[in-house]
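Shared between the two complexes below is chain A, which has chain B as its partner in the first and chain C in the second.
Here is the complex of A and B:
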């Protein structure tokens, strides 16, 4: 249609005093796509969302929604689900719906009622009496009930049980299939793996992986060699540009390979292993490889 | 809509490739008949809980490969000659190749001899392809 991105974050940095929460982030999201933002706690996801929607000021860089800086009118078409509930404890679920009906011209009361039923919420209950998951559900009802063109969702499934987590994914997928754009963060890699066509991984405020889920999966492989006795020294393997990382444990050597996994497998085969196999990486493997070195070892024997 | 396709997002195989393989398999086996309508992109994305663009990409590739055809406003259909195209048969060969290849590699890892592996293989062949069943 045109080349305008639904969301364009360019050269964005955010400093708090001497701490740089986000460094030089560029992330452009195509209209109609679903972009999943992953990263360990404190990697800058929420900071990015807050600056994108104008709750905090960027130290550097530009943020655009549908080709223009965020302004009050933006919120006629953009829904934002904050990480922490922004609901009023003393108001009921129904009060919130009414409040939103008055605030947004594009609010769809019928849709809101459907969503309240979908999440099995009690209309007369005060928000202060709701569980964490029900809080999230109310916020989701409000976000989806004016059929926004753009959804920015910070941990949209937080506190929800597996059934309602699936409902959230369905809502996201349905929104995208009618042309809306979704940018969401999650700790649940499986959700991103299902719903997102694009994934961005942040670590310490820096974008370390950015691509379509399918391309990432297609491009990274593990070459695993199992030896009879001990794993031999393979000269130059760690420094090989095709290899991202090597793992040795007992009689097993695993090479995380960016390209030419066949070549690496043949190279390992020269050392007469018992077995060599090429394994596909799922998104969790890609995430852990990328974030690498930060995974605390449980058990601690290092084997 | 019957859940005729299943995909596993947790594997390393890209979802659109899984979906393409599933459709080709269904067409080759006849569980999707020539002329039969496929679910819309939106319906299938929601049914499988996967990204709509992933479904759309799979449909585009299937159309390019001559397995399905899409007419704007009407939807996507299995082509009349969809099951006889080389593509569909090649897809079945690919699946068989992968499955048998994995089994043979696994057997080798167990330390069996080539001769013993062949014996087992022919025992299984006899079990599933009884004599006189050459054309089925």
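Here is the complex of A and C:
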């Protein structure tokens, strides 16, 4: 390996005609780490994955896995789980395992059997008769059955119930603990928050947030005030340089504060709220703020 | 890496085997019907029966051609699950070539199976010794299998680089094959410019190379539905295999360029 990064995407752009799906993306993932790629639908996550592993061609930029562009032999150590099911509907679960056994030198039959049991899959059942979640489970079994060093997982928990979502999370964390590198996307932000060391957020094909989960969460606090009646006008709060934005929802006012959250809390206390609390930012807050999503408000206007 | 294709071919060969097996049983019943049996029981008539091997191979080649078109879009078919096959440790072009070689082996099996049933039918009538290797045996074998391979290759070439399902193209190719031959025959000795156009169109029509078999002399006369330059037997043998190879090469190139 002639690179310190397990996955290195540099100045990557992908264009479909006049539409730029991904623009000038640079993302470097360190070996043994878990990187969560977040973004609304159509933000370019799947396109990035496809170009990274050579299913599509990048318009510009370079993409490397363990220091080199993806070659056929890279797939001996790289597992990819696509967003949509790419399984053969007419083949059984056992047939898919046999396909993997014949394809990878490092295929681990014992591990595959453990995973089949873990996801409670029926070996003789045709894939076409499985539910969406079971499709995902089969794809996960295939991805983890040859102990890859790099895992690129596009929506790895799609369609799974909460119990199996947790199983997927554990598999990802376990893989990283044994030295594998995981790059995955998910709409379930809680999962990403729990598993990922690092988070990148894409919006309209551009990287808008990139950092470790702890750094991102520590960058702001939320001062939340709950009032008996409607939220009063707090003069100058929105213009306060310590406040990045405020959000009103019914009787609740939330201020996203970059610094001096205690000072902002004291200021809100002057308006006699029922309660004022200082909350840590979670990844969902970071995501919503970053992508600029408008949250439907309950009984009031968002600010 | 070709495991799904092996399973797929096993399945299609089973279906093909059931169909030609069914046809064989029907032919067997007809051949052993009282009327046919009384004809064959006449020793003087039996002496006159001569069965050229080329005729049996010609019949078997139809089976191979039909089977070849049925499996001719194996690469296009993989597009539905391309994330699965293109993320295996094998180069795309090598994988495509493996598919083509496997398919070709299956086409040969289909040809041999059909030929074997033809021979078995003759044997059931006690006429096995009446089968003779004639001077049209080799051309029939080469052009018959060549036409199957050519059709297969052209369909692969047309569909492998496409994102859409190519089943319609295969279906239309059968209709076009018969229409072009019919039009070339219909305009022969009549509207010469039109005849020329249709014979040129028939250059890429596998049936035009294959269908001119007659007991009076397959290959003895140039095919009337092809341009003169390639109507002779040797050229037809060369053209079928060459066009098949060109189609396969185009398929591999198209599959390599394709994006998921």
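In the analysis below, the second predicted complex is superposed on the first by the 235 of 303 C-alpha atoms of A that agree within 3 Å, B and C clash if a C-alpha of one lies under 4 Å from a C-alpha of the other, contacts with A are read in each partner's own complex, and residues count from 1 in each chain.
What we mean here is this: a residue touches a chain if its C-beta (ideal position, glycine included) is under 8 Å from a C-beta of that chain, and two chains touch if they have at least 3 such contacts.
Please read all numbers here as calculations on a predicted model, not as lab measurements.
Comparing chain C with chain B, which touches more residues belonging to chain A?
Higher number of touched chain A residues: B.
In the overlay, answer first, second, both or neither for which of chain B and chain C A:173 touches.
Touch status of A:173: first partner only.
Under the stated touch criterion, which partner chain does A:279 make contact with: chain B (first), chain C (second), both, or neither?
Touch status of A:279: first partner only.
For A:68, using the defined touch cut-off, is the partner it touches chain B, chain C, both, or neither? Pick first, second, both or neither.
After superposing on A, A:68 lies clear of both chain B and chain C.
Please indicate which partner A:55 is in contact with in the superposed arrangement: first for chain B, second for chain C, both, or neither.
The second partner, chain C, only.
Please indicate which partner A:98 is in contact with in the superposed arrangement: first for chain B, second for chain C, both, or neither.
A:98 contacts chain C only, not chain B.
Name the contact category of A:87: first (chain B only), second (chain C only), both, or neither.
In the superposition, A:87 touches chain C alone.
Looking at the overlay, does A:238 come into contact with chain B only (first), chain C only (second), both, or neither?
Once the two structures are laid over each other on A, A:238 reaches no partner at all.
Indicate the residue numbers of chain A shared between its chain B interface and its chain C interface, in ascending order.
Chain A residues touching both partners: none found.
List the residues on chain A that touch chain C in their complex, please.
Interface residues on the chain A side: 50, 53-57, 72-76, 78-80, 82, 84, 86-88, 91, 95, 98-99, 102-104.
Can you check the complex and tell me which residues of chain B touch chain A?
9-17, 41-42, 45-46, 49-54, 57, 105, 108-109
Within their complex, state which residues of chain C touch chain A.
Residue list for chain C touching chain A: 1, 3-4, 7, 80-84, 86-92, 94, 259-260.
Looking at the complex, which residues from chain A come into contact with chain B?
Touch list, chain A to chain B: 32-34, 166, 169-170, 173-174, 176-178, 190, 193-197, 213-215, 217-218, 220-221, 274-275, 277, 279-282, 284-285.
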